[in-house]
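Each structure below is given as structure tokens.
Each of the two complexes below includes chain A, the first together with chain B, the second together with chain C.
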Partner chain A sequence: MAAYMSMGEAHRRINEYLNRFSDAVSYQDGKSLSRLLSISSDSATLLSLADALNTFQSCYSGILTVVLCKHVMLFIYVEIFICFADANRVISQSDKYSQYGDILVPIFRAVRSYRLRNLVESYLAFEKASNAFIQEFRNWDSAWALEALYVVAYEIRILAERADVELASIGKNPEKLKGAGSFLMKVFGVLAGKGPKRVGALYVTCQLFKIYFKLGTVHLCRSVIRSIETARIFDFEEFPVRDKVTYMYYTGRLEVYNENFPAADHKLSYALTHCTERKEANIRMILKYLIPVKLSIGILPKTSLLEKYNLNEYSDVILALKRGDLRLLRHALNEHEDRFLRSGVYLVLEKLELQVYQRLVKKIYIIQKLKDPNKAHQIKLDVIVKALQWLEMDMDVDEVECIMSILIYKNLVKGYFAHKSKVAVLSKQDPFPKLNGKPVNS
Partner chain B sequence: MSLLHSSERPFEVVHDFLFDRTRSIRQDLSMQNVTGDQVIHMYERMVKFHIISHHHLHRSCGTPNIASISHLNMEQLMKALTTLFNLYEVNRASNSTYKNEAEFRSFYLLLLMGSNNQGESLSLWLKRVPSVIMKSKEICFARRILRYFRLGNYKRFIHTTEDEASFLQYCIIEPYINEVRMLALSYVSYGGYKLQPYPLVRLSTLLMMKESDTESLCVDCGFEISTDDGSEKGLVSTKQSVICKPTKGVQKYYPLVSAKIERLSAELSELL
Partner chain C sequence: MVFYCQPVTVNGSIPEGYWKHGSSVLQNDLPNTVQPHIQKTPDVIPMYANFQNQHNSTFSQGSMEMYPASYQVSQSHQSSSQTVPQPPEHFDSRKACKLQIPTNPRIASILPLGSQKSDKESSMTSAVVKPAYISVGVPTPNAKVASHDEADSMLKPGTFPKSLRGYVERVLARCRDDRQKAASQEIMKEVITKATADGTLYTRDWDTEPLFPMPDINAANKDHSELPIPTLEMPKNRRSPGRRGKSRWEPIPHEKLIEKSANFTNDTAKYGGWNKQFAGGKSDNKGSLGTKSSLPDQKSSSKIFGRPAKRQRLGNDLNAADDGEASSDSDKAHSLTKYYSAAIALADSPEEKKRRDSRSKRFDKGHGIQIENSNLRAKAVGPGNSYARRASVLVLSRSFEESGTRAVEDIDWDALTVKGTCQEIEKRYLRLTSAPDPATVRPEEVLEKALLMVQNSQKNYLFKCDQLKSIRQDLTVQHIRNELTVKVYETHARLAIEVGDLSECNQCQSQLQTLYAEGIKGCHMEFAAYNLLCVILHSNNHRDLLSAMSRLSADAKKDKAVKHALSVRTAVTAGNYVMFFRLYKTAPNLNTFLMDLYVEKMRYAAVKCMSRSYRPTVPVSYLSQILGFTSASPKSEAIDEKEIEGVEECMEWLKAHGACVTSDNSGEMLLDTKASVPSLYMPEPEDAVSHGDASLAVNDFLTRSLA
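Moving on, here comes the complex of A and B:
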């Protein structure tokens, strides 16, 4: 807890905050306003405000105890007088501040509660303040307060997440984040207009994405995406780069879930190229999804890239693709199963099996070509069975024939198989077509 | 539950009656916010009911009415399963591990075969499954089946199902077996040697069908059958790469040739 603070000092700090707030609004200083609202940042300003508010409050309750004890001490009289002018009255008794009372009163409560780690209380108060803020924001001309709005959007998500953790820990239903989502949809509606405020819509969209991904209600992203991409008021190029990168990252991830690889490649690559070099953590996040996509369209990243961004969980997968080593692929998937499942790329990686088979058959072909170029294009299915056995993979001729038929159908191998003689006959020209940036045919 | 097997009334009527009853029970239970072993047991039985209904409805693919009943049934099945999983989680504090949990979790996985965004559903869902369950034989089986389905490995899909599926798991997988068979015909026809039609006998064993059924399916899908040497019938290869849907609107049902599955089917009443 804070060191002892006198009532005078507490009063001074509260007034200072209120002054800064009203100045920020009068001078349309978005940056200053945003600093006053970032509750979770634990900034010096807000910490000192919180302590001041708590001093007021504890003095108030302290007085009651004293009165009850019937010990009246003279030197307390002055303190009592100031105490009864509690923080809310400071706001309401001044014209300068009272017009923003609907924002300030709950903000004070949110700041206090956050300091005391009452996260649900803090969220509820902040939500109330945010609703009032939006009402004012609507009336302000120009987009001067966008930065403050961004902070409000960010804080509402963060505070909701923390409130939900608190709720879950006491066995209650964690539904604050969901509520934050509804609030942000409202904010989106406020920004979706013709004026200059509309460039803020993408930031709010990204906050919504983060909420939906966290809650697992990813399908709700669709309606926001539709608004951004089809509404005529929005021009994607007008949005700030930072927001475009985040947007492409999340929509790219959605494409990965849907296994729509060309689109995923396009979006995640956009995010990668437009992301500043020094934001290594962000680049790593993008690559985590881009690599499986690239692998699925036949493009293998260099080892140096994996090492630079600490993505070594993919090394064995890539090695398996290069070698045609099915056992290694299965092993790699097994070893990092939790990680791949959590990020949602497991199924994408599993499907790489077909390309691994292609590579294996190609290797057999190359070896045969060295021995006897004229007969190389005929591969006995038994030879493939043996090669797989050597890799400790137990497959019979029927299954090998099945796999060959899949490879041929999906154009990973050109040729045909003769069932009676149990031979795969490869085309003499380009028997193993490269994917060249296209996904495997379905 | 024995009502389901009385052959006096038509299946739809019985299903309807039980459907309403189970739905009301579930609504009551959720309103009362009850949890506990008994509730779990009740939900497990309700899920079984829906799975078996699903199985019957799929086999009686005739009237258009069936399609809507089937859809509603599937909806309720998913709801019941989801609630059941929440119950497992809530009750996990007490030391019991539910002996059926692994199997019921595997049902959800198998049901994902039909969905469009498997990646998202799967990864979100698997996050919440305890690792003990993840290592269980039922979950491993379901994941393998899902993999075979996605890769198009018709041989393993059909044979592993026959070999390892429990009856309820089989009920869920069955509708996909025909889909995989049609895929197999396409692959074999596309990649086969055009001078040697693929013997139907062989194909039937591979796809676990009666030879006459195999022939029907080929014809339904628009493939050509040839008679080789006057006796052996074969699937003619063409570079026709499109999988054709059967000419009739609704898929015909072709049973799996398996003594084991037949036996399990007959033992159905024991399960409930």
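Moving on, here comes the complex of A and C:
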């Protein structure tokens, strides 16, 4: 907390903030306005404002009590303060502030609470301010304040997340993020219309995705996606690139959950190609999902890519695919189980097992071909069982037979299985079809 | 001196909320006052004598200010801050709070705080009693009378805690008529004043603040005896005052600022409001009254106010009846729903009106009924009377609810925690719709016996399910959450798994999860395994599965049952039927029962897969062994009867699914894979019903009602 600050100084700072706010609005300067609203940014202006408010609060709490005792319903302290500080000015400029009082007064409270690390209080005040802001925003014809709206959408999510942490720590139900979600839905409604403001809709959508993914309520994404992708007012190319990348990243992740690999590949690849190279962390996040997707459609990444973006958890998986080493695959999955489960790619990676089996059978086939090209297309089940035993995979004949049957059924191996003689008979032409960007038949 | 902008009424319709004012009742009947005129009511209504005495000095005609220029700004400020447009029911509240703005511009300009203070003082008094603005009615021929309530704009956001506002609303909402409302307002005033004085106004949790007992109406009546009580004589504009149309959680409709402020400028309504700007504003402008009105705008503004009133009515059938006629000649722009018009038609018939009146009168007897009920309860002491007692509780709570117009969600269930006294072990389940009666609730020790009874019972599942549900209910209403609770839910979940009642099983599972999370001991692992199996086999949602898996602790993964469930998951996702049926045979606990529900799907997928990959044939004996029809592997030389039965069952199954079965020279049955590929199909489940829920089938229903 700042050292003692004189009342005059406090007045000056608060007035300065008010002036900046009203200037930003009257000059339609979205950038300045957004700076004034981003309360979690800990910017110098806001910190000093918070201290000023605190100074004021401590000085005038006495007066407040007196006022209360006289049964006078008060303005909140800020307004009293304004009267004290500069009565004439306030009266002459009352229009200027009173119109935005509903934004400013709770903003002050939010700033102060944030500084005092009272995050729930701060969130509540900020939500109130945001509501008032949205009301004003609705009335502004041009989209000059979009940037400020972005900040509001961002701040409300961040504050809600932190408020939830605070609530959880005192054993209360953390529900603020959910509330922020429904608030942002409202914001989305404000933007979803004709006119220049619609380009902001995708940013809000992305904030909503972040909330839904965090809360684990991804099914709620569907309605927003539907309106983004089907509503005629939206032209996807019109949105800012950064929002498009984020949007594609999240929808791509959703497709990973649905195991719709071609769609996931398309979306994540879009995100990857449009993401600026400087944002390495973002590229890494995209690759975290894109690599498993690519693997499951038979495309392996270069080792250098994994190294560059520190995605070494995948290196064993890829090695296993190359070698047909089932043991290595299972080991890699086991080792990073928690990580893969959390990111949601575990099931995708697990499905790679069939490709590993395919690789193993192909290796046997190649060895047989070296020995005797005429008999190479007949692979005895015993041979496969033995190969698996070398890998310390304890599987009996029935189980291996089942796996061969699945491989043939899913078109990873062309041919048929003869039960009587326990032999897999491979097609002479292209017995191991490549996936070539298509997912395994399911 | 008080101004009234007398709402001007057209076609004999009467401004809502206005007719109740004692002083203006007569004026209401003035028909067709076409020109908007401001009527000065000479006598000040002495509603808040103290308040007015205090400010009499500042009360002059000259000080009543209109703010043509600065007004709009201040108004937009205020109305934007007011996010809750008042439902029209609150009209009657204004009778109790004709608040005027006391402003002395001289003082105001010199002493900003001082004037604010007096402003605040007035608002303090008035806000407590929900003051109202009175807007001017509009002389458009077919527009409905504009009436408007700005009561809550007094509660400037930031001045009162929001929860207090909710509290005030709750209090007002339970008032049945004006007298109660007025009396409640008096009490509320005291409560809030007191809270302000001792500084608890902001610290107190108004949301949980208990409502004070309903004041004695008769006492209140003395004070307001001059007020006419709404009766049947005025059916046209009668409005049951205290009733809310909807719960207070209804979405808040947003009115646009522009519309609002435009309306106010046009109406140049006398503003009973309190605003910061008023203090510093100009003080003349009396002459500008009514000069700014322009007809088209007024028309539109009247529509704006017509709307919420209508919406309210839709939700309130009682009111709909009374408003029927009023609305039938209202503006046709609003299309009425079918239901609504039907309601009007009904309401217009005299019999219906009579019926409704008698019905609403019945509510007036709320207090009487309560006494009756307590008598009833006193009588009904013996066992066997529990149902009657229960019914009385129902009636009691209903009459309470209706008289108080408390929505069901308003009832504080926690406060209704009871300590049961019922000693009967068996009890049928009945969904609670009211406060539980301790006499019908069994205490913990009886519930333990009841659980034992169910566990040892030989009766069918429906009986047990019913009993367990009633046990669960009794536990819930008594807030018992301990090992007994866990046992009850576990017992129920197991029974449900055994009979394949997945929905009941899921309910128990989710309860168990929270109970285990609270650290209450039980068969945690067993149910973690069931949960996993349920997700894998029956919901097939990858996300759910992932979260269920990531929730498992390292210890859980070592548990036998959980391990088994995880292996089942692997088998299912890989489509490994051999592994699946091996696990099926070695399943611990009740895992088999859950897997049972998936066996059909797995077998079908397996045969489909095999018929594509195997050539030319697969022996049926092998299939029956792989697909779990025969229990043991066919190593044993002597083929016992069970084996043969299994193979036969497998044959039946294959035939039922359209497989092509042939026999070779030695008589061994073989699946002709190539021929089977196109002919395989999944038959409709035999117990399927058209509505998709087998438990609703007629036969089932009959057994249920017999049980």
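Note that the second predicted complex is superposed on the first by the 407 of 442 C-alpha atoms of A that agree within 3 Å, B and C clash if a C-alpha of one lies under 4 Å from a C-alpha of the other, contacts with A are read in each partner's own complex, and residues count from 1 in each chain.
The rule is simple: a residue touches a chain if its C-beta (ideal position, glycine included) is under 8 Å from a C-beta of that chain, and two chains touch if they have at least 3 such contacts.
All values reported here derive from a predicted model rather than from experimental measurement.
Legend: residue contacts after superposition of the two complexes on their common chain; A:Tyr346 is shown touching both chain B and chain C. Contacts of A:Ile367 after superposition on the shared chain: neither chain B nor chain C is touched. Which of chain B and chain C touches more residues of chain A is settled by the count: it is C.
Judged by the touch definition given at the top, the superposed model places A:Ala168 against neither chain B nor chain C.
Of the two partner chains placed by the overlay, neither chain B nor chain C lies in contact with A:Val241.
Contact with chain C, but none with chain B, is seen for A:Val105 once the two complexes are overlaid on the shared chain.
Look at A:Ala132: by the touch rule set out above, it reaches chain C but stays clear of chain B. Counting contacts by the rule stated earlier, residues 216, 218, 257-259, 341-342, 344, 346-347, 350-351, 353-354, 398-399, 402-406, 408-409, 416-420, 425 of chain A appear in both its interface with chain B and its interface with chain C. Residues 70, 73-74, 76-77, 80-81, 83, 109, 112-113, 116-117, 120-121, 123-124, 127, 156-160, 193, 196-197, 199, 201, 254, 257-258, 276-277, 280, 542-543, 545-547, 549-550, 570, 573-579, 608-610, 612-619, 622, 626 of chain C touch chain A in their complex.
Looking at the complex, you find that chain B touches chain A at residues 116-120, 122-124, 126-127, 147, 150-156, 184, 186-188, 190-194, 196, 198-199, 202, 206, 237, 241.
Chain A meets chain C in the complex at residues 65, 67-76, 79-80, 83-84, 87, 90-91, 94-95, 98-99, 101-102, 105-106, 128, 131-132, 135-136, 139, 216, 218, 257-259, 338, 341-342, 344, 346-347, 350-351, 353-354, 398-399, 401-409, 416-420, 425. The touching residues of chain A, when paired with chain B in their complex, are 216, 218, 254, 256-259, 341-348, 350-351, 353-354, 398-399, 402-406, 408-409, 415-420, 425.
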